Every structure is written in structure tokens, then in C-alpha cells.
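The next part holds the structures, each set out as C-alpha cells.
Two complexes follow with chain A in common, the first pairing it with chain B and the second with chain C.
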Partner chain A sequence: MSIFIALPLIGVFIESFYSTQPVFETVDVQSCTPGFTGQTCTTETKSRPRFDANGAPIVATSFIGVQAYRDLLQPDAVVRAFGPDGGGLWALLSIDFYAALRFTVTFTLITLPLVIGFGLVVALAVNSVTRKLRGLVIFAALLPFIITPVIGALSIRWLFIGDGILTAAIRAIFNSNISMFAQGWTIELLMLTYRVWHVAPFAFVVFYAGLQTVDQDTLESAIVDGASRWERLRCVIVPHLMPLIVFVALIHLMDSYRVFEEVVGFSSQAHRISLQFLTFNFLTPDQTGNRAITRAAASSMLTMVGIVVLLVPLITHAWRTQRGRR
Partner chain B sequence: MKKTLATALFALLMSSTAHASCSFQNTVPLKSLTAAFDAWKAVTATMAECGNVRSELDQDFRTKQPAAFAANPSLYHIGGVSNGTLVPLMNGGTIRPLDALVAKYGQDLQPNQLIKVDGKIMSVAMDVNDQHLMYRTDILQELGIAVPTTWDEVLDAAAKIKASGKVAYPLGGTFKPGFDLGLDFTNLFLGFGGQFTKADNTPSINSPAGLKTLEMLKKIAAYMDPEYLVSDSTFVQKQFQQGKIAIANLWATRAAALDDPKESQVVGKIGLAAAPAAVKGGKPATTLWWDGIVIAKNITDAEADAAFRVAIAGMGESTLKAAPAAAVWLIKGYTPTKYAAGAVASANGGAPPYPSSTVYGLVASAVGDGAADFLTGKKTAEKTLADIEAAYLVKAKEQGLVK
Partner chain C sequence: MITARALRTPIGLQLVVAAFLAVWVVAAMFPLLWTAVMSFRVPLDALSSDPLVVLLGPATRASAMGISWLDLLLEVAAVVVVFRITSRVMRPMAVQYAPFGYVPLGWAQAAISCLGLGAIMLLVVVPMLARSLDTALASVPIIGQLATPAIGITLEHYRAVWITHQFYHNFENSLIITTGVVTVSLTVGTLAGYGLARSGGRMAFWILMLALVFRALPHSVLVTGYLPMFLSSRELLAPLWAAPVIGTVMHWFSAAPPTLYGQPWAIIIVLVSINQPFTIWMMRSFFDGIPTELDEAARVDGCTHFEAFWRAIIPVMWPGVITTGLFSFLLAYNDYLVTSLLLDAQSQTMVPAISQFLNRDTSSADQIEAIAAAVSITAPLFFLVMAFQRQIVSGLTAGAVKG
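This part shows the complex of A and B:
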């Protein structure tokens, strides 16, 4: 526990307060580039790193306090946004971090009920299929879950992008030209649909297993008491499945708060980014070969805080029911 | 049995003729990491014939190279770079000066192939590249439009093409956020006479030139496929090949593919010209690039020796013979093909070299990430530029370039 979880966490936490940077000097550099007839040589004043005796760049580490968190959260810009003529929420959402937070949270909260709902419906449907066909149906229903997320996202993207098969088909049938990748909300819709399609089978399998343990006597006595199908579902089956629903919700919240594959697969970064993608972007070397490690550390710390906040209600719920049972 | 023997003999014959196109037999195991476009395919194919060379061609080389070359021993001996991607390697101090090796083995190199930084040869260039105008000759002729020389003329032409309904979208362009959009912004910004930073490295992007650039990008985008924010070089190339667009500013290395009957429906209908100017009478609004090789520092001198010889062989005559149209080569004996016309015209028109420096690298990253917010209508032009400057300042302060 302490080596694989606590230690890295503490390391990242400390990292977010220190900045390591090369030491630059300003010098006149003459550089020559090829032309067609000869070379063009120019002398410019440039900033370049200083090197030590071995030719390695000299770096300096300094304590920067909460600067990385300030750069991410931009408190000044937030205050300005809600001041007079600030633009309010709209201006707030134009700051990268809050745009990513908005998308991540809505993505998580919208997919959650859909995944649980679809999982339950499919589980109930499969449960009422004749035994002969059940194996086949379960296998088919599980397929989306088996696909690697990035690959799945890419294949959906190719169905819709430019003159993808589906875009072309829709144009041929309805004679209207749709561009799913031209505006943010259509991409977001695709991402939501894709995630629900991808994860619902997981919920289905868990619920289906739970359905096999529903007490048949209780169900039969409910029928004798004249309970309708809907009442049986609401008062017998769902309460029986409740611990499993909480479990699926927990896993799904943790999973979808880390949404990343969809952003890469649908290349939505011009319109929608997620918190994980923001961290990834900081860790990608920019055109000078540098990674913004400090800001990446700060952003992953904030992501973790977000997950904890989301999970608190569910974990306390599970805790209470456990204690109640004892 | 006879058949296998014959096959083996045939293979042996083939390999010996293949060896003939590399002037020496390499015995040191070598690895290279380069980009994956046609010119690199040709060069690495020749390198492979020298023997014992494993080449990795990867369009994500720019993110892999700095870390791979910083390892000791370096994970690759030979690296393919351009003026943009040389900077991280120079800053990391992970590549070696080539003066001694050039003196020893570089008799066949042309003087303008040698990339010198501060008096030392750090790279050997093999080709030059730029984004320039490509257009459908048949459509322009039918509509009586002259080849545009400024972006305003391009917009006029686009309006006429749109009215005629000959193609789905009149214009194409590499507008994908990140590197592509950043470069489009840079090309126009320099064309409007802009300066990215002041002497103390503080930004001056939020300027009249910056505003004009954003306005122009938006006007161009209005004539493009509405999904233009996912459009990279390959996307534009396909749009051309499938006859969906009529005009685009695209990389010189993509020109030959538009005339390839195996993948293109518009063979023989493509014209090339200098990149349009941003202002009337101005220089072509594009930047000149070169591609070349570097040799890692963290390898033995014997390995560096072999690596340099192999790399030079890869940039030799046999590559030129095998793929004369894959690039605008700097190799000795190259005569420009018709696909070089646009690049030559841009260079002769005075297009500036791509600004390769640490400061500009940070600017390009900030611009590439930020400019899309104006195109999607999320922010006003002034706010977009102010945010780009703020993003640049955060990075520059983090690296200690701005106090």
C-alpha cells in the first residue's frame, strides 16, 4: 500500500511545488540554413540553455509555492469573470481548467444513470429470454465491452468524420448534410453515446449475476399479493440489487472521471477537453522539448481531489449500510 | 528442392545488387528515428541497403526524440530532424557536432546542405519544404480566374468557385489545433509583418498583425469543410485527391501524391504556385523548412563514424534516382521536377526561414493551442490573443526566459 499508492502520491504532491528549469543565457548565435542557390546565414540574439563541462544542460530546481495551482485555477481571472462586465459563467468556461472540469463532471453525471439504466434493462431482458439462446445473447451484449476504448472511439470517429459511411448514408437518405465534428455539442453527444455503449455491458453482467440470486419465494408471494410487474421490479428486484448498483456506480464514477480515450479518439481538443487530457497535454513535450511537469503534478492532484469529492456520498452510503447490517 | 534453391539463389542475387546502391558494407548495428513521409522512406530504404540498419519511421518522432537521445547510451544513432525539431535536441545537448565527420566523409555534400549553429555543423540537410499554393487548373481555367497571389485574391476566387458549385468546398487547409494551426498562424502573422516577441522575450502577439491574422484565418475557414478543426496534412491531401476542394496551401512533399493515379482522381489537374502573400506586394506568407539528419552524442565514436557514413549514403545519388519527386532535394545532381515549382517560387519570392528558437517554440505551442477559440466563436479576437500571450508567459516564466 505505502510503496505503490502513498509514496507516488506524496511524490507528485511535493513535485507540484517545485519547478526544475534549464538555466538560459542570452547570446548572439549565427545560424545558417539552406537556400536553393546558397546558404542564408543570420546572426540573432537568442536565449539558449547553458551547458556544463560534460555538455549536459545546467538545470536549477526552485520552490515556487502554489504558483502551479494559481496558473491552473487562475483565481484572478475567475474574480474578473464574475465582476462587472466579466462575462460570468461563459468567461469562466473559456479558462482551460474550468472547461475541462465542466466537461468531465457533466460527462460523468450524464453517463452514470444511462449506464445503470441500460445495464438493468438489458439484464432483465436477457433474463427473460429462453435458456437456449441466453449464452449467445450474453456474448453479443458483452462485445462492446471487449473492444479497446481508443480503438472503439477511432472506429466510431471514422464512421462520421468527413464523408464517413454513416455521414454519407444519412446524406443519401435524408438529403441533409450533417457535420458531426464541426461543433462542440455534436462531438460531446458522440462521446457520451460511445461511453454508454461501451460500459453498459459491464453493468449488465453484474446485474444479470445479481438477478440469479433474487429470492423466488418473495417474488411469488408478491404475485399472489397482486403486485404488477412494475411494482415487483420497484419493491423486490431493485432493493435486492441495490448493493450492486452502488458498486457499479462507484466503479463508473472513478472510470469516467478519468475520461481520456474519447478526447484522443474523437480528436475533440479544439472543442472539448477533460482533466486527464489536460494533464497529458502538460506532460507532452512542447516544441522546445520541455514538459510542464509541475503543472501536470498540480493538475493530477486536483483531479484526485475531484474524484474523492464525487465518491464521498457513495462511500458513506455503503459504509452506513455495512454498519447497519452488523 | 530445386525450387527452393532457385529462390535462395535469386534472393542472394537480389541482395547483392541491392548492396550495390550503398557504396560500403556497414558492420556496426545502427538505429534511426525519423518522420514517416515519402522523402524519409526513400532515404531510410537506401540506408538499409548498407546493412545492419534498423529504421523507425514515426510521425510522432518529435515527442519521442528528445527523451530517446538523452538516454545514455542513446536509443538511436541517427535522427531525422527539421528546423523546428532541431531545437529540443540542441537545448538538451544530445547531438554531436559533425565538422570532423564532414571533413572525413562529406566530399559529396554541397556547402548549402551543412546546417551551422554558432559555427559548428550540427546537421546535414537533405531537402527543403514549405507550404505553398496548390490549385485545380481545370476549375480556375473554366471560371476564368487568374492564379491568386494574395490571400484576398484567394478569397475572391473561393467566392466564385462556391457560386459555381464545382466542388463541395472551395478551400482546404491544415487547421488542426496544435502544430498545424500554429504553423498557419505563423505563416500569416509573419506575412502581415508581425513580431512574436520583444527583445526581453515578452510577447507582442496581441498586435494589429495578430488581429489581421485571426480575421484572415476565419475568412479562409468560412470556405472550408465545416469540420476543418480536425484537418491535418493527410486530410487536405485526401480532399484534393477526391476532388472535393479546389485551392489549398499545402506541403510541397504532398504535391507528387496528388498526381499519383493509384490514389488520386485529379491526376494532371493540379497546379503549383508560390504561397499567397498576406498583403498586396508582400512576400509569400509561408516559412521555409529543411529536413536533415543529426547524430547522437551519447554513442561511441566508432558508432558515430558508421552512423554518419550510412546517413550520408542515404542522402546520396541512389536515393535521388529511386525517388526524384519525393521532395525538393538538396542532394548533388538534383534537377527540380515539376513538383518543386511551388517551393522554388516561394523561396525566390523571399519567404523567410521557419523561426527555430526556444522562444518561438513556446510561442508556437501557445498559438497552436489557443487560436481555435476564436475560430469556434468561443472568444473575441482580442481575448484570444490576450489568452495566447498569457499561456506563453506561463510557459516562459516556468522556464526562466521571462523574469
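This part shows the complex of A and C:
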């Protein structure tokens, strides 16, 4: 495990400081055009890539320090944005990296309570229906979770695209001529909806399993004490499920921090991108077939920093409980 | 009995719960079922804003073929019957006819034969039966209405995707990659999970924490590490081929060091290393559920450490292996990021290959072809959930309840 994961990580770290580019040379090119009295000659300096004996371009790797990080973070632009008449936050969010960071963070924070809430409500609802229906509900709920994420996003997109039936329905209800894929916020709304649709089943299944182990005696004594349905939920069931809620929240944090498939599925790259998509975009060859590997490495390292920030409190907590157990 | 009455849900609440669940089930299934319906219609019907047109497909009926309500009814009934029979027959079949008395092989054999027979029943026998019934009933006054074509259906998009655009090629690549990933991660995961569950020291704790960190790692970070190596692997591996002893061994496999970029079997390494932390984590929680007394008893009976693992533990941990295998399969099958970056157009798997249909989005037929491809990818997952629902649920809860 450490070889196949840690080694590439070290590689990425080193790569982010080096740049591999074709070697260019500057040559003076004299071009002459025949004129009336003689030749008119102009000399200009051109830079062109150098080729080796086989005709392949020579590449050289050079140390560029934190240049790649600078390109991503653009500290000058940040300072300018918050300076006098810089545009403040809006100017900041027009830089790719910050836009991606903003989207990733808000996406994570908005979907988290929705997923847990939906999961809990569905689990409670399923728990109170007859046993015969449970199989069907679980089957139906598992489908969106198991489905290929890109395809799940696409299937929702196809309901809305063009004159899709749901767009038509929205138009009929609100009597407005809205197009879901023309502006950023509607796409973002669809992405949030998709993620809740996709992950809530997971929360539901976990909570449902937890509900089977609720202590019936505690519930009964709560009833004897005159607790209402809501009080029983708040004071008995939710505390019992608390470790599971923390678990689901944790998994959801990790998973939605690397949101990626939504951007592909909804083709939202013109409006909304995520941190992982940023790296993906650098790694995809551009028109000339070059991949911006150095920048990709830098943005990967910055994404990693986010993960570490996310996980440090968790690991220290686990370490404390582990030490307490012995 | 006062508690029983108090625990009972009042009628009003019951109705609300039932309505909520109905909405939930519809919302969960609707996008998938709707795209499945769209894939069988010509573009004019599929992209219509009127839901009834999409459902009935009048233009499709006019241009391709139509089936009657009776046909639909027969087909649905046949699906239910086939499903019932399979779920009843599978287990005895697997146990009774297991080749060499090896039950897992028996399951595979039973699954393949059931799938084959079911497909023949549903796709050939029942439609033929329905056709002949239609012609027989066409002249009867009221039932004749049900027997005339009412719903348009076309398979042209599937034909275009699978035959014209050679989607089967992508299917093969997906098959290679998923098989490889499942085999390798199960082998490594079983051994590592067993070791971790049985040692339980400080070392094991840190390995598990490391696995957690690696699980949280965005996949793009790993790909960034692998991509340059894969692109220049010919030069990087050259010393290995030139080395005295190892070089000779390497020459048995290929004459020159390979370029790993675009090789499906090389992607397996990347996907396995993404999947491994999760596999180890899950296997460990399954092994935790197997009492230590079991291997101790085997050791007392004179087994070596490895024999104890092989003869006492492996037979009881099949549920864990199946569940973990399922999730490894899903990871490899569903992946978009790794495969689209590390494979080229010729060796692409199914999921990234969909973008080739999306990007050509010029005509409306292309769009429906993309939908047909998406449905083709989803169909196996649908059957997977049907067959392994219990294992998937236990896998989802295993990490939560124990870890």
C-alpha cells in the first residue's frame, strides 16, 4: 500500500517544483523580399523549439520553485482584489482556484445536513411500515447509490436538457421561461440535488441498520415517563444513532470534498468547477497535446492540504480514544 | 400491553409516512427509468416535452415498430415469473450440480445458465408468443383493441451504439479492468485484513489511520503521480530490461519495456491502490466478527498458521469476501477520472467512452445514442442490486457499526 500510494505522492510533491518544457532557442532570421532597387531585407529574432538528431523536440527539466503554486494562487491578484476598488470577493472568485475552492466547500457544507436529514427521515419512515414493503423500498433506494455517478448525473441532466419534461413542468408551474443550463446557480442547484439523491440512500441504509438495535426497554420507559413521539426521537433514538451520524458525516465530508463527477455529468465547467476537476483539467491534453503536469501537481498538493486540515482533528480524536481503551 | 398501544402509529401519521415513502421511491427510480424509456424512442418522441408522447412514442410507432398493451402485459408477467423461478431454483442448483464439488463454481454455473435461459425466454420466446397471440386476437372486437400496436419501440440506438460504434470493445476493456481489480484487491485485502484484525497493536492502529487518510485522498492526486510515470515508462523501465538477470526474465514478457499509458492491465494497479485502503478497512471489520477461538482451535488440531487461515477462516468468510468484491467491482466499473486520463481512445472503458457520444452532440440522434449507451452501462448494475441487495446493505453497515 505504501509503495503504490505514498511513492506517487512524493513524486507529485517533487514534480510540483519542476517544470519540463521543450527547449527554445532564439535565432536571428533574415528574410528578404525582392524590391524595385534591390532586395529589402529585415532581420527579426524568433524563438523556436530545438530538435535533436532524430527530429524529436529536446525537453529540459528546470527547477521553478513555487512558481506553479503562484500561478494557481495568484497572490498579486488576491492583494489587488482586496485593495482599493479591487472588486473584493467577486474578483477573488473569478480566479479558477478560488472559484473551485468556494464551490467545493459550499457544496460539501450544503449537502451534508440534507443528506443526514433525508437519510434519517427515510430510515424512520421505513422502520414504521410493514415488513413486506421494506425490501422494495431498500431496492429502490439502493439504485441511485450504486449507479455510476457520471451516468446518474447525466440521467438527471437529460430530464432537464432543452425542452426536457421537467424543464417543461417548471415552466408550466412558475410560468417563467427558465433554462436550467444557461446560468451558474441553476446548474449548482441541480448538482446539489443530484448529490443528495445519490448519497441519501447510503445514510438511510446505515441509519436503518442502527434503528434495529435501539434498546426497546429504554423506549418503553420513556413512554412510561410520558415522553411524546418527538421527545422519544430526540432523547432516545438520535443519541443512540449519534455515532452513526458522525460516521456518515465523516464519509460524506471525504467524498464530497472530492466532488468531480457532477462537473462532468452536468458539463458545468464553464460555470462551476471543483478542486478535483481543476487537477483533471490540467492533466487533460490541450489542443497542442501538452499536459500541464507541474500545475496539476501543485493543485494536487493544495487539495491534499485541504484533506489534512479535514482529517487532523479526526485522527487526534481516534488516537485519544485508542489510548484511552488500553 | 399499554406500551404496545402507545408504540402504535396513529392513522394520520401512517398515511403521511406512506405518502412520503411513495414519493421517495418514485424520486429514486424516476430518472433511471425515464432515461430507459427514452432510449427506446426515436429522437422526435424522446426529446418531446410532453410526457405522454415520451411514454407512448407515436412517431416511433409510425417509423419503427409498435407493441400492443397485451404484449407489454405478457412481457412484464414473464419477467416476474422468471425472477421468481430463478430466485427459487438458484440455490439448490448451485449446491447440487457444483462441478468438482466446489460450491462457488456451482454458483457461477447456475448464474450463467439462469441468465442465458432467462434471456432466451424473455427476448425470444415470449415476444414470439405475444406476436402470434396478437394476430389471433386482432379480429375480436374489444380485446382486439388491446392487441393492436399502441406503444412505439425501437432498438436502432442500441444497434448504433453496440455495432456501429463498437461499444463491445469498451465493454471488453471494462471487463478486463474490473476482473483484475476485484481479484487483486481481494487477495491483498483478505491477507492484510486478517493480519490487522488478529494483531491489534499500535502498529495496526496506525496502518488503519493511514488507510483512512488514503481513503480520503482525491483520486486526481494519485493520477497526477502516476501519469508522468506511465507516459515515460519506456525510458524509466529501460534499465530493468538492460540489467543482467532481471533483464532476461523481463525479455520473456516483452522484447522492449512497455509504455504503460493506455494499457488496461496497468490501470489495474492504480485502481487497486485507490481501492485498497477501503478493502482492508472492510475486510478487517468482517474478520473482527470471526472469533479468535476458531483459528486457535484449528491450531490446536495441528494446523500451521497458514493452514488455519486457509481451512478454518476462508470457509466462514465468504459473505465478507463477496461484499468486499462487490464494492471493488463498483469502484472499478464506475470510475471515470482514472480511466479517462490514463487510457487512450482505443482502450477506453465504457463510462468515459460515453463522453464520445456526448461531445458529438450535433444531431438529436447522437443524444439518444448517448442515452442508450448509458442505459447499457446501468443495466448490469440493476441486476447486481437485485441479486446482491443483502450483501450490499451488510457492506454499507459493516464499516459503520464496527469501525
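FYI, the second predicted complex is superposed on the first by the 277 of 326 C-alpha atoms of A that agree within 3 Å, B and C clash if a C-alpha of one lies under 4 Å from a C-alpha of the other, contacts with A are read in each partner's own complex, and residues count from 1 in each chain.
Everything below uses one rule, namely that a residue touches a chain if its C-beta (ideal position, glycine included) is under 8 Å from a C-beta of that chain, and two chains touch if they have at least 3 such contacts.
What you see is a predicted model; the values in this text were computed from it and never measured.
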item	value
Touched partner set for A:Ser31, first chain B, second chain C, both or neither	first
Residues of chain A touched, compared between chain B and chain C (which is higher)	C
First, second, both or neither for A:Val150, with chain B first and chain C second	second
First (chain B), second (chain C), both or neither touched by A:Cys41	first
Chain B versus chain C as contact partner of A:Tyr257, first or second or both or neither	second
Partner chain(s) touched by A:Thr303 [first = chain B, second = chain C, both, neither]	second
First, second, both or neither for A:Asp286, with chain B first and chain C second	first
Chain B and chain C contact sites that coincide on chain A, given as residue numbers	162-163, 267, 284
Of chain A, residues touching chain B in the complex	19, 21-24, 29-41, 44-49, 51, 55-57, 60, 71, 94, 161-163, 179-184, 267, 269-271, 281, 284-290, 292, 294-295
Interfacial residue positions of chain B with respect to chain A in the complex	62-63, 66-67, 83-84, 87-93, 111-119, 125, 128, 176-179, 199, 201, 225-230, 235, 238-239, 242, 288, 290, 297, 330, 344, 347-348, 353, 356-362, 364-365, 369, 372-373, 376, 378-379, 383, 387, 394-395, 398-401
Complex contact set, residues of chain C against chain A	3, 6-7, 9, 13-14, 17-18, 20-21, 24-25, 27-29, 31-32, 34-35, 38, 47-51, 54, 192, 205, 209-229, 269, 272-273, 276-277, 280, 330, 333-334, 336-337, 341, 351, 354-355, 358, 370-371, 374, 377-378, 381-382, 384-386, 389, 392-393, 396-397, 399-401, 403
Residues of chain A that touch chain C when the two form their complex	1-2, 4-5, 7-9, 11-12, 15, 121-122, 125-126, 128-129, 133, 135-144, 146-152, 154-156, 158-159, 162-165, 167-168, 197, 201-202, 205-206, 209-210, 219-220, 223-224, 229, 244, 247-248, 254, 257-258, 260-261, 264, 267, 275-276, 279-280, 283-284, 291, 293, 296-297, 300, 303-304, 307, 310-311, 314-315, 318-319, 322
